[in-house]
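To keep things simple, chains are lettered A, B, C and D as they appear, and every chain counts its residues starting from 1.
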Amino acid sequence: MSLSVAVAGASGYAGGELLRILAAHPEFDVTTVTAFQNAGQRLVDVQPHLRSLEHLTLVETTPETLSGHDIVFLALPHGKSGEITAALDPGTLVVDCGADHRLESEADWAAFYGGDYFGAWTYGLPELPLHGGGHQRDRLVGARRIAVPGCNVTAITLGLAPGIRAGVICSDDLVAVLAVGTSGAGKSLKTELLFSEQTASAAAYAVGGTHRHTPEIRQNLTAAGGVGVTVSFTPMLVPMSRGILATSTAKLAPGIRAADVRSAWETAYATEPFVHLLPEGQFPRTGDTTGANTALVGLAVDEAAGRVITVTAIDNLVKGTAGAAIQSANIALGLPESLGLNLNGVAP
Amino acid sequence: MSLSVAVAGASGYAGGELLRILAAHPEFDVTTVTAFQNAGQRLVDVQPHLRSLEHLTLVETTPETLSGHDIVFLALPHGKSGEITAALDPGTLVVDCGADHRLESEADWAAFYGGDYFGAWTYGLPELPLHGGGHQRDRLVGARRIAVPGCNVTAITLGLAPGIRAGVICSDDLVAVLAVGTSGAGKSLKTELLFSEQTASAAAYAVGGTHRHTPEIRQNLTAAGGVGVTVSFTPMLVPMSRGILATSTAKLAPGIRAADVRSAWETAYATEPFVHLLPEGQFPRTGDTTGANTALVGLAVDEAAGRVITVTAIDNLVKGTAGAAIQSANIALGLPESLGLNLNGVAP
Amino acid sequence: MSLSVAVAGASGYAGGELLRILAAHPEFDVTTVTAFQNAGQRLVDVQPHLRSLEHLTLVETTPETLSGHDIVFLALPHGKSGEITAALDPGTLVVDCGADHRLESEADWAAFYGGDYFGAWTYGLPELPLHGGGHQRDRLVGARRIAVPGCNVTAITLGLAPGIRAGVICSDDLVAVLAVGTSGAGKSLKTELLFSEQTASAAAYAVGGTHRHTPEIRQNLTAAGGVGVTVSFTPMLVPMSRGILATSTAKLAPGIRAADVRSAWETAYATEPFVHLLPEGQFPRTGDTTGANTALVGLAVDEAAGRVITVTAIDNLVKGTAGAAIQSANIALGLPESLGLNLNGVAP
Amino acid sequence: MSLSVAVAGASGYAGGELLRILAAHPEFDVTTVTAFQNAGQRLVDVQPHLRSLEHLTLVETTPETLSGHDIVFLALPHGKSGEITAALDPGTLVVDCGADHRLESEADWAAFYGGDYFGAWTYGLPELPLHGGGHQRDRLVGARRIAVPGCNVTAITLGLAPGIRAGVICSDDLVAVLAVGTSGAGKSLKTELLFSEQTASAAAYAVGGTHRHTPEIRQNLTAAGGVGVTVSFTPMLVPMSRGILATSTAKLAPGIRAADVRSAWETAYATEPFVHLLPEGQFPRTGDTTGANTALVGLAVDEAAGRVITVTAIDNLVKGTAGAAIQSANIALGLPESLGLNLNGVAP
């Protein structure tokens, strides 16, 4: 059918990854790429890995340049999409990779982001199992405004939601610690993101519950379990560009035996095309998801500690951002959910 | 005074690091270096970074080659030191970097290592605060048999012990997740340790409480708090050679306010030469400890989650192994504790 | 049309990359994957990044398991393909990623490889400009036995051949120095390939003209220029898994002005789908070719030194191996040359 | 004797490395550290790896703050040291790690740097063998103004100078290609220096003879050989923070047999404490020089290509900058040349 597509924020990492995947999508045709500072440059001079898009030139990010497309993907800094998208046709599918439309609670928005609150859009995590039954995918059918989840949020949610929905783990006192790559921080010119600083070193940040993804994790896991959750979440920046490895743990629910735990995840993900529960005793590597839209989940029960441990690997730019955006767009438009998306990582 | 030193296992990573530090120590003189397969080779052909030791040749690791020294450092695979050291003079200071003499519980040894149990030696973590008062350093004075802690154990223990001793955090339901470098796995020829496999990827291992360092963590934190502890511990291998970043969390003890927490760590480490509590809001990078005997500790309280989070960075080969060995040897011999040890990391 | 495909050596890096690309090829259907030690295992347990091929199980590499396919791709150690392929049907397209059939000179084979010589097959570097006119691509049409070039060879040849064919650079005293990633060495269990050894370090190997790719470079550049060449070639292993950056230099031919040089490359690559000459002053990064079948070439003239310098970036596993194999197979079979091949790298 | 030392530019990489080494030097006492933007901050907040210098606070870089010390080390951007040092006492030893005083030719300065020319100081490469006999070290005795060489220059010079002085290689048509780490580019906030951009990628820069180190290489090799040289020099940025691996090649001089070559290097470096010629067939890794003041040199003759190839590994921040500065200062002051300098690298 060939739908026309605009990508806003095409000079950044999320924008670049959207374009890499879109360039191989059989039904989408990227006709407009926009940027702020880089407007006027050839796309390939800013994103030299995108050789198939040598014909595109970056234009200004405005309501005007984004209008008139079937689909608009936004990869903008937080707080930028609200005003821009207000002007777009309600029939246009708008998929926002930023945080502006993720949170359902205005109080959470105020506490963790601040500035104008633009309201929540349909949440783009198709595999999220819902408390009442079904998955978030059902809500995405026909949607025209989609909020793509935060990358850390996706990794933690996919790790814990099945157990919470099934009631085999406690929803209070969740603890998640993540090894995350640097591309999640974008192309920002900060000293701590320099290669010399970041290679051969690991560092935690946003320690103590201050990371902006925290309320979104709570929102998802509450949707899965039907009750509020308590979560401690600590990301550790490690020397890799892509990838999130989330070690997410929860107390075993009272009365649940270790042998009863696994089936909750098996049930939740049995037919998922992109979320794969690994066999007992296997745990994922982020490198096996590089460039792919997969999430690989490993599961163990530590009976001595009374905790279930899940380890989830994703590529933060694909299943964590651009792949999730396109997967959700496929669903919204009635296309095959996997269209144009890749199961195979680039390794080694 | 110049004491004669032998290093057993000199061809591995721990052995190499012992030699690097010993070569700069003003009172120690390395006269013997031993190995298994590499015996007969020049040391510098196996450890080409140790140019100041070009005069040394590797000999077989036997009781005979190790005898007749003032100090013997052992960097052998687990299970190897027991028989070898039985033959050494009781007056010789023997410092074992392996696991053979760390565990006080034979049942723990049987459950996590197996094979003959050789009994515990004086534990080489000088900064461990003890429940009854004082530190482990007091017990090291005059010791002639010292067991150097496991590297992950050191990072987690230094992160949590002050709070447990002070009673400001709960000793049950501890959760520690670590980003660890590959050198901790030694020079083993395993596919998963190849550069191609390990670069640009993170992976968890020993998930679910099976890591051999688990009982040693419990042993230390029990010594600090006087009561048993429960701990979930998950290491994640990340793309760096050296370094451990331990995110160790515990529930805030009942009745303790966030503002009351920090002083426990301040008190414990106020005069420590090598363990530094970072100012509020600062968290360490492993890269700042590379080649140094320091442990850098950051601390935060997540009141919403009801957890205290500590982040500890060490160089696993220095404060996690060779530096700890030499620091403990200094104490045992009545030398200045910091002699020959470095506070400054090699960065960037 | 869906042609049946077997991949021999499917457990290695070249085999894995063939499978990653083949899985997305619209006309090829992988039905058989073979290995030596790993036979009997599920492919995805050995190549965990290839989730779309979870249904395949590795079988033994024998003439029998490889027979009966339309196409056979070989990714075997040097010396292994000769006997195995002798038994295959002459009408089967056999594409060998190994060295066995690359060299036209038996003397070169004997000097650099040794063992039985199996003769040269049609050489799979479509873009090689030939002295008499035309490109190597012309010879690939209808071929049923194809030898894929060595990865370093491809990078150096693409850098220098246009200038040699055009006579603007001298063919004697070529000097090429390459920064190469570790995946070119395969999954071999060697100490120097361990992550701990290879990260944060660079090392040259096969210094002094001993690298096995040397005669193949001479063979190609002789084909381009019609006269013998002299080349000094030094690879430097650097801390990346994929990628070759070849700095290839040649003396400016007598009487040629700097301004006359560039057009030789422009002419050679004007219509190439995969080889891109970068604009004046731009030089490539290997990271922009990761996972793509592209070769990016930068060019400069150093008048003070009297040398032309070309810098060529490829992904050694794609344009350097698996992509070249599939590109050549497409040509041999009369399919569109670019079918199933990717222009866009995975970056950052 | 304890000489008072000031370090200007203490917040950068070269300044940090000077301080790391100076902190362990038995005769030097750092009393002043200066910076531009970071003045007023605690040193350890800017250089968190320098824990032994927690007592120092950065002050402004001015003639006043730098006056009154026995020694001043400058690690300033090019062009900054001229005016500042003019005001310092002639008896003060001033060691400049920048380029301002390296070039003896004002024309070269104008062509490659531009701006005011401040004249050459005594050149700080002690091991440079001189055409007339002796080494550059002889000229450093008693010097009070020393210019530390550029890091790439040191690697190439040490690789080629012995052969040029001995006349066994030709001094025209030298070709050097280097794999260089990112720390040589300093803490500059440039997109291409971000970890996400630079990891898993190699890129050449300053291709075609434009690199500012080019005239300095010519100056040194002319000093060694007594005749002018022609050199093509291309640096390739690779994914490591520290280290330079220089592959430097030259044509074998007419009438010289391969067997006659090696003794030129053996003679030149036989008694050097820091420059080590590796045995035949061995080539260095940069990782073995990390943090050490060593230069490791490997040598091969490619008779088919008619070229001698040398491979030199150094740590750009130590032997390439800070170590060379302190080594030269030791000589100038009549101290033991190796005082406070390390032969052993930090590996793995």
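As a convention for this text, a residue touches a chain if its C-beta (ideal position, glycine included) is under 8 Å from a C-beta of that chain, and two chains touch if they have at least 3 such contacts.
This is a predicted model, so every value here is computed, not measured.
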Winner on C-beta contact pairs when B-D is weighed against A-B: A-B
Reference subunit B; chain at largest CA-centroid distance: C
CA centroid of subunit A to CA centroid of subunit D, Å: 46
Computed distance of Cα centres, subunit B from subunit A, in Å: 37
Set of subunit B residues in contact with two or more other chains: 13, 183, 194, 196-197, 199-200, 239-242, 284-285, 287-288, 290, 347-348
Chain-level touch network, classified as line, ring, star, complete or other: complete
Complex interface listing, subunit B residues touching subunit A: 173, 175, 177, 179, 194, 196-197, 199-205, 207-209, 214, 230-232, 234, 236, 238-243, 245, 247, 249, 251, 283-288, 290, 298, 300-307, 309, 311, 313, 347-348
Residue numbers on subunit B that touch subunit D, as the complex places them: 13, 16, 20, 23-24, 47-53, 183, 199-200, 241-242, 276, 284-285, 287-292, 294, 296, 342-348
For the subunit C and subunit B complex, residues of the former touching the latter: 13, 181-183, 185, 187, 189-191, 193-200, 239-241
